[in-house]
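Input: one structure, supplied below.
First chain written, first letter: the chains are A, B, C and D, and each begins at residue 1.
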């Protein structure tokens, strides 16, 4: 199976709404940040997620995983590193590392399936496969 | 214009996720609680919102207003009082009071329009109008 | 290591706010539902989470995992089954299954550490350990 | 009462998590966007909110209001215009307009009180008053 070390970067800033009474960012919000970074990665790959949905494809999350290494706080500027390490077939796995300056604060991954307008599992749209082929060829 | 004093009641419990670093429930969540109570009121009126959407009608919020009288805390049990004070025509206004035991902690209202499958403003579905007619007749 | 098959049950109803444009409940919200069920389980065990925080203990999430088996929809009534399968030492793992009627729609787990007022990892408060001892003795 | 026409601008991008099954951004999220823009405005005024909280002051929302003029969609880039029109005394009102390109999609305001570490209403911290004095002097 082809592998790549290509990495993509996105930035977010922790909102007050995202904190909880423990004084830290609520753990569930990291999945929203993963989503934000995933969408941003697809933009950078030239296959915006919004275009895929317009063409009738959706990429629902079928598995999500996060390990919280250090707490994050209101107003923290975080950098999210996003990777697709293995060439996807039916499922696609996206990996994430979240950094605050040099500290890694969280790592995780999500697994996705492609579904079509009838909500049936399908192959990725050609444009998506082509963009990823380039990604894996480059490495 | 017909008026009614009919009141409906719903209960929620403040989730940890709903708190913020101030140690209180984040103000934006009250709009979600209003929504929860509004859906529950429509159930009690015999016109479940989910059925209306299945029939192609939607009831988007076009105005929202909240006055926060006292802070709410994690695990608080809150009672939401919901009212439609005036018979709706094109727009429908829903009023809310939130109580913790005998204390009123918030009051607010939302204004809604009915839209159809083409996202055009429309008259309320007949079933909805009929249920409300009964409400205003009773009073 | 002691094991138990004790199970706890909680119920939630999917809010409109919890859905996304795919027409289903957004995957990140399941972590909030896990939290709701976890808090409810601790109530049922006689060790309310709010009391633990009042005594200076907190139980942050250090790992979260969810597998989404079937989509959930607005207004779905879901039953969450919550279990602590293994007697906790420093870390405590909580497992969850979410059901809609007879269908399992999601399974997951969270891992937690106890921390004290100085945000240092600590042993569980005595009251917590005692309640769990009973749980594991019963089985 | 002194008035100013000073305006501040912030940008956000609608997240998938922020949409609902109507296919649009859920109305409650606009309050989170207001918060994001308010925090950003205070940065631009040289009085970061996080610094104020570190000094023991908090600025809870005591009233929130939004009028939704046009729906917003996933991935929309929105510009939020933020203003403090009147010199605050005990309460401070912040006004917002949200734009997508040239269209105004939402307008609203929030009202805040300053509270101190004992959660008592207090005068704004000096640094805050000074920054605002400059703002109102300039106009």
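Details
The working rule: contacts are C-beta pairs under 8 Å (C-beta built on N, C-alpha and C of every residue); 3 or more make two chains touch, one makes a residue touch a chain.
Predicted, not measured: the structure shown is a model, and the values here were computed from it.
Two chain pairs are in question, A-B and A-C; the one with more C-beta pairs in contact is A-C.
Greatest centre-to-centre distance from chain B is found for A, with centres as Cα means. Chain centres here are Cα averages; for chain B and chain C they lie 29 Å apart.
One simple way to say how far apart two chains are is to compare their mean CA positions; for chain A and chain C this gives 25 Å. Taking each chain's centre as the mean of its C-alpha atoms, chain A lies 35 Å from chain B.
Chain contacts: chain D has residues 16-17, 21, 24, 28, 32, 35, 53, 74 touching two or more partner chains.
If you check the complex, the residues on chain B that touch chain A are 16-17, 19-21, 23-24, 26, 28, 74.
Chain B contributes residues 15-17, 32, 35-36, 39, 48-50, 53, 74-75 to its touches with chain C in the complex. Considering their complex, residues 21-22, 24, 27-29, 31-32, 35, 53, 58, 60-68, 71 of chain D touch chain B.
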